[in-house]
Structure formats: structure tokens, C-alpha cells
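Labels run A, B and C following the written order; every chain starts at residue 1.
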Amino acid sequence: MVGVRANKAHRDERFALIVLVTCSGIFVVAIALILGFLAFSGTRLFFHDHVSPFEFLFSTNWDGLGGHFGAAPFIVGSLIATGFAILVGGPLGVAIGVFFSELAPKRVADAMKPAIEVLVGIPSVVYGWLGLTVLVPLIGSIFHTGGDGLLAAGIVLSIMILPTVISLSEDALRVVPDSMREGSAALGATRWETISRVLVPSAKSGLAVAVILGIARAIGETLAVQLVLGNAPVFVTSLLRPASALTSEIVMDMGDAPDGTAFQHALFSMAFLLLLIAMGLILLIRFALRKRT
Amino acid sequence: MAQAVARVASSDTLASNNARSRRIVDRIATGSLWTAAGSVVALLVIFIGYLFYKGASVISWHFLFGYPSSANAGGGIGPEIFNSFYILILTLVFTLPIAVCAGMYLQEYAGPGRFRDLVQFSAESLATVPSIVMGLFGLLIFVQMFHWHFTALGGALTLTLLNLPAMMRVTQEALAGVPGTYREASMSLGATRWQTVVKVILPSAIGPLITGVVLVSGRIFGETAALIYTAGASVSFGKSAYDFNPFHTAETLAVHLYSTHREALVPDADAIGNGSALVLLVMVLLFNVVARVVGRQLTIRFTGKAS
Amino acid sequence: MIQTPDATSLHDKMNVVDLDVFYGNFQAIKKGNLAVPDHRVMALIGPSGCGKSTFIRALNRMHDLTPGARVEGTITLDGTDIYAPDIDPVTVRHRIGMVFQRPNPFPKSIFENVVYGPKIHGEKNAKRLLEIAEKSLRAAALWDEVKDRLNRSALDLSGGQQQRLCIARVLAVEPEVILMDEPASALDPIATSKIEDLIGELKKKYTVIIVTHSMQQAARISDFTTFFLLGELIEVGTTSDIFTRPKDKRTEDYITGRYG
């Protein structure tokens, strides 16, 4: 009797293990398939349609239906919008992470944390809508322009990456042992000196990860950007002029590009480029974390 | 002795001048950090206030449950709200078992090793795939390869891929919060690992697990870019707009907010946008509140303590 | 009030009067009174959990950093109340340095660790900073071991070297009092004896207050000893008096090994 029960438990155990390993394996298969399919579809433009990768990366002439596939305006647009977001949202996010980790009394932190979680939860299309109906008119009236462009996109992205940067930098600072805080204070350092000269340098790899994940979020963001960018497929000349980014151009053009055409292949190439950037950022994070240990 | 006193005195005055300016710097920095944190909260309050101010007048029974209109004013968002929930539930049906199992495997079973590293790395990579890129992958597979066209099922499967890593992380964190003594106690009573996980670990982790699942659900509800070219940007016009057929096109509320602006011909596109944005916001707030309340209740019920 | 013997001939560097320390509702120090003579080594001994560390951390206002900790009573440094409302704790910690139980060098170079204090206190001259670093490292008996690798990470040093670096780091800010909270408890015997030799040197220039769990250590290095039990200061005296003719029965029980 006992033997039978033990046998069943043993069988369950084996079966469970198979199921769990299979489910874990799905993650590996999924990312492999995504990389494989996008690598194939993303390079059809070069191998099947014989457009040179050089033209794709560096030409500024984009006319999908007319057969010109220079994606440089979108690449530069994405980089500028992301760069802006990191320059504004990065330091601000780290500062608020410092606030939660070092300054905020528990009651204040408890009251403010849910606000950060709501910011994470607001759909990107709602951020885009807010940008379109509030920020774009505001910028327009200040600078006497249409208001849409990379400045608007940069500001919206700065806000959108904040929750990521805040929570990861807070985590990074909390990992720094209290003995560092005490050691610095005991030498007569003020709290700010301890933060700026000991804690932030000690947590730098974790803070780098926070900023890199902020970059990843910003560069892949689509609708919030598309709604405020003005979507002109031209090389950027001003932060206040309508422009375009990789993500926004994909979402704009995909509906117009017939299956199997070079036009559609070019859009897949842009998606593949985004995927490569994302993978590059992941490797960068691995590198940042490995250096610490 | 006199020398010592002189040394103290001089270093004192030296220090005090310097100390005053350092104290001022410290005050300014402290004030700036409080301001930065406060401004983000203020920003959120402004967002919420603005969306209510603009959207509240649009909300009506007819708007929430009525059919969208393609050319005339007065369209509703009933089918879109339905589709958002429908795709959310389909997505959860696929995501939850896979992600929870993988999370259990990584947290409870896998020792350090190549396979665990590979799964972890795959999950991290999957988590950084931009949602528009995931949308194009879904387009390649479900729309072009399987010839499904735009379908609720294709959208849900795409969202599954997009949200597996977050769900797995939620599971891992919930399990990691269970004290190791529980495992030891159960195993020492002769339970197998699987029995321990199912009967002891999972029930103890249920509160944080549900909280995490509901929060991720909020994000699935609002997802847009991955759905435009998988589930489509129009509602099906079958017999009823409340269409349970997973092979029909299914525009969600978030996609509707985008497409209304992009291509709608209706004269009241702005009002519909404001109303849709408000409904999306309210849903996100609801998901957050539900996550907290349900999570806490379950934690109390299963572990007898409030956390 | 307990009087320090021989106090008449010595200037009191610090004076503690009716000190209470609370963590929330728990009272960790009860009505502590102590006079600390200048240029001497004062050892604080007692069984673990008796409040020695809590007491020493009150002396440079480290409790200000602990949420929920509350300090009452008076502590003076050269007659000035360091808890007075107009006193900046940062200035207090500048004049009263502290060495911790576990070495806690910053993840910076050896040089940057030593000059951390002087730099924040306004010293910018590179040549002067190098002089301070050398002087402090020499005083901490570490110079010869590290002079060729000042730019290497402090985390590459051994535990004993790290602790001497932490002492050098304190010396570099030229404090008047040095507090040491079991500075050798995490170190091996050889490293410990180096630290003990160093403490003997330090009292020529500084007033040293050291918490130790080792009675032998207290006997070797200190001029005065205070015995703590359950948050109370039981007895203060010259070290030889405390170890050879304790007045209080509880002190005697402790030094003869009847408590843990």
C-alpha cells in the first residue's frame, strides 16, 4: 500500500518535472523563433530585393511605394528621441530612486509607491493621447509651430521611462550595505556627500542597468511616439519639426505595404534593426553586471 | 595643553565656514530630491485630473455599451471594451500556465546550470523585444503564415509572447518570498518536491502571485502596438459585436483610441478619444486597486498574516 | 554619579550625563554616566547585547541615522553639548571619528579612501592630499605595505589591512576622539595584534574609546575600563583596578568568567 502510494508520488514528480522543463523551454524556443523569423524577413530587402544595406542605413530618401528605402531619417529620429529621454528621464529617475532609497520616510514612500505603479500601468497609447492633446498644443503655442516633433516625443518618453529607471535605481542603491553609509557619515560627510560620493559610485553598475533598460523601453516605444511626432519621413532638421522614428514609421506604413513587396521587407528590416538594438542592450546589461562580480 | 586648545580652536573656525556651505549644499540637494519626487506625483495627479475633466462628459450608457460608428457622430465603444477583456482572458489562458510553470522550475527546481542560464537569458531577451516588433512577428506567423488574417486568437498569442517574461518574474518573486523553512519542513515530512510546491509553496505565495498577475493583466489590457497588425484595428460585423469567435478580427479599446485618431472619419473623434482614454485610465486604476485588495485578502486567508 | 578615578589630574575630553537610548519602546541604555579622560584609552567591556555598541554610537550621533532610535541626556565634548539644537551632527562626527566592527572601505582606490574625509572637508590641493594620505597611512602602520599601490582598489586588501585603512581614513580628518567598535573582532590574531599596537600609539595624539568583547584585549591596551551589563554602566575604573580589585560583585563575576 505504502509502496503504491510512493510509486504514484514518484510518477507525479517525474511528470511534473517534464511539464515544468517544457514550459521553461518555450521561452528559449520563442526567442529563437522571433530572432530567426525576423532575421529572415528583415534581410529579404537585401538578399531578395537587392537593396544595399548601405542605402538602407545611410540614405535619407524614403519612398516606400516609389522604391526608395533609406531609413536614416527614422534611425536618427529614434536615436534623438531616445537620447533626449535618457538625458532628461535618466537623471530624474535616478534622483527619485535615490529619494526612495535614502530620503523618503517610510510613510511617504508607502504613499508614493502606488503612484509610480499607476504610471507603469498607463497604456502607452494614453501617454500618446495626453501628449497629442496637451503637450503638442502647448509646445506649439510656446514656439509658434505645429507643436509635434522630436521635442514632444522626447518629453513623453522621458516620463514613460521614469518608473523603470526609478524602481531599478532604488533597488541598486538598496543593495549598497549600510556600513558604507555609516563609514561615510562617521567621517563627517553630509547625507548628500554620502549619496554623491559613496553610494552612487558604489551602485554604478546597477544604475547603469536602470538607464539601459530605460533606453530599451524608449527605443521600442511606438504609439506614444507616433501620436506626437507628426510623422514626416524626412531627415530631422529641428526638434520642433514633424519627424519620424523607426517604430512610428513601421506602424504607419505596415497597413499600406502589400505582402511580399520590397516596401514591406524594408519595414521588417526596420523591425529587425530594433530587435538587434534590444538584444545589444541585453548584452550590455550582462556586461555591466559581470564587471561587478 | 595650550597648543592643543589652539589647534582645536583654529580647526573649529576653519571647519565652521566650510561646514556652513556644505550644509547649504546638503539642504539644496535634499530639497531638489523631494521636489523631483513630488513633481512626478503631481504629474500623475494632473494626468488623471485632465483625463477626467475631458472625458467625463463623454461617458454615457450608450458610449460604454453602444456600437462604434464609421462615419457619423455618437459612436460607442462597447465591442472594443468586450474585445479588450476577451483578448486579456485568452492571453491569460496561455500565459499563466506556461509562465507559472517556468517560474516554479527556475525558482524551486533548477540548480545552477546551463539550462537555467539559457531560460533566464531567453526571458530577459524576450522581455526587451519591443511590442511593435512582437506585433510584426505575430503578423508573420499568424496572419501571413497561418492565413488567419487579423484575429483575436492571433492577438492573444502575440500578447502571450510579450507577457510571458513579466508573468514568470512575478511567479519567481512570489515564490522567493516564501521562507525556506516551509520547504524544509514539508520535505522532512517525506513530501516530494512537487507535493511541497503544490501544497505548501504555492498557497503561501498566492497573495503576491495574484497581485502580480493582476498588475500584468492591467498592462495586457492597455497593450496596443502588438495588436494593430495581429488582432486588427476594426471590429467584426457579425451578428453581434460581442463576438466570441477567436478567429474574428477584434479591435481592443487601446487600439481604438489609436485608430480613431489615425483614420476615423467621424466628426466626434476627439470626444471618442477622450472618452476611451478615460476608460483605459479607470481600468488601469481598477486593476491596481484590485491587485492590492485581492492580494492582501488571499495572503491573510492562506498564511494568516497581513503583509 | 560614577566618578573616574584619577580624574582630578586629567582633563575630561568627553562627559556623558544621564544618557538614555531607546529603540522604539526598548530602552537600550539606562541613565549612563561617564567621564572620558583626554589622551587615554577607555575600554568598554561587557557581555554581548549589554549596550556597549549602542553607547559608543551615541557618542558621535550615529543614532541620528537609525530610524526609531532616540537619545536623551547630555554628552559634552570639551564642555560643549553635542546634542544641542544648534550643533550640526556632521561637525560632531568630524571631531569624533569612528572605526567599525567590520572593515568598511569604500569601493574606491586606497588613496581615495584615505583622502575622502579631507576632500569633503574642503581640501583640494593634490600635493597636500598626498601628504595627508602618506601621514595617515604611516600613522596607521600601513604605508609600507601599500605605498606602491595607492591606486589599487581598497577591496583587494586583506581584512587586517582594510581595517588599518579605515583607521587611516579616520586619522586623515584629524579628529580629537576616535571611537572603535570591536575593531579587531573580524580579524585574525596577527592582524589583531597590529591593531592593538596601533591603538597604543594613537593615544599620544587622540582620545580613544574602544568597545571590545575580549577582556584580555581591554587589559592589554586600555588605561581605563567601563563595565556594562544590561544597558547599565556598572563600574568605571583604571584598568588595573577593574581587573584586580573590582568593587561591584557583578564586575567581579564577569571578569572571573561567570557571564557568557
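Note that a contact is a pair of C-beta atoms (placed from the backbone, for glycine too) under 8 Å apart; a residue touches a chain by one contact, two chains touch by 3 or more.
Here the structure is a predicted model, which is why all the values come from computation and not from measurement.
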item: Between the pairs A-B and B-C, the one where more C-beta pairs touch; value: A-B
item: Most distant chain from chain B by Cα centroid; value: C
item: Interchain centroid distance [CA atoms averaged], chain A/chain C, Å; value: 49
item: Distance between the centres, which are taken as Cα means, of chain B and chain A, whole angstrom; value: 15
item: For chain B paired with chain C, centre-to-centre distance based on mean C-alpha positions, whole Å; value: 50
item: Residues of chain B engaged with two or more neighbouring chains; value: 22-23
item: Touching two or more other chains - residues of chain A; value: 190, 193
item: Numbers and ranges of chain C residues touching at least 2 other chains; value: 90-91, 94, 120-121
item: Sites on chain C touched by chain A in the complex; value: 60, 62, 65, 67, 90-91, 93-95, 97-98, 100, 102, 104-108, 116-117, 120-121, 166, 169-170, 173
item: Of all residues in chain A, those that touch chain C in their complex; value: 105-106, 177, 179-190, 193, 197-198, 201-202
item: Chain A partner contacts - residues on chain B that touch it in the complex; value: 22-23, 25-26, 29-30, 32-34, 36-37, 40-41, 43-44, 47, 50-51, 54, 97-99, 101-102, 104-106, 109-110, 115, 118-119, 121-126, 128-134, 136-137, 139-141, 144, 161, 164-165, 168, 192-195, 197, 215, 218-219, 221-225, 228-229, 233, 254-255, 257-258, 261, 270, 273-274, 277, 280-281, 284-285, 287-288, 292
item: Of chain A, residues touching chain B in the complex; value: 9-10, 12-13, 16-17, 19-28, 30-34, 37-38, 41, 92, 95-96, 98-100, 103-104, 112, 114-126, 128-130, 132-134, 159, 162, 166, 190-193, 195-196, 213, 216, 219-223, 226-227, 247, 250-251, 254-255, 259, 267-268, 271, 274-275, 278-279, 281-282, 285-286
item: Contact set on chain C toward chain B in their complex; value: 11, 78, 88, 90-91, 94, 120-122, 174, 176
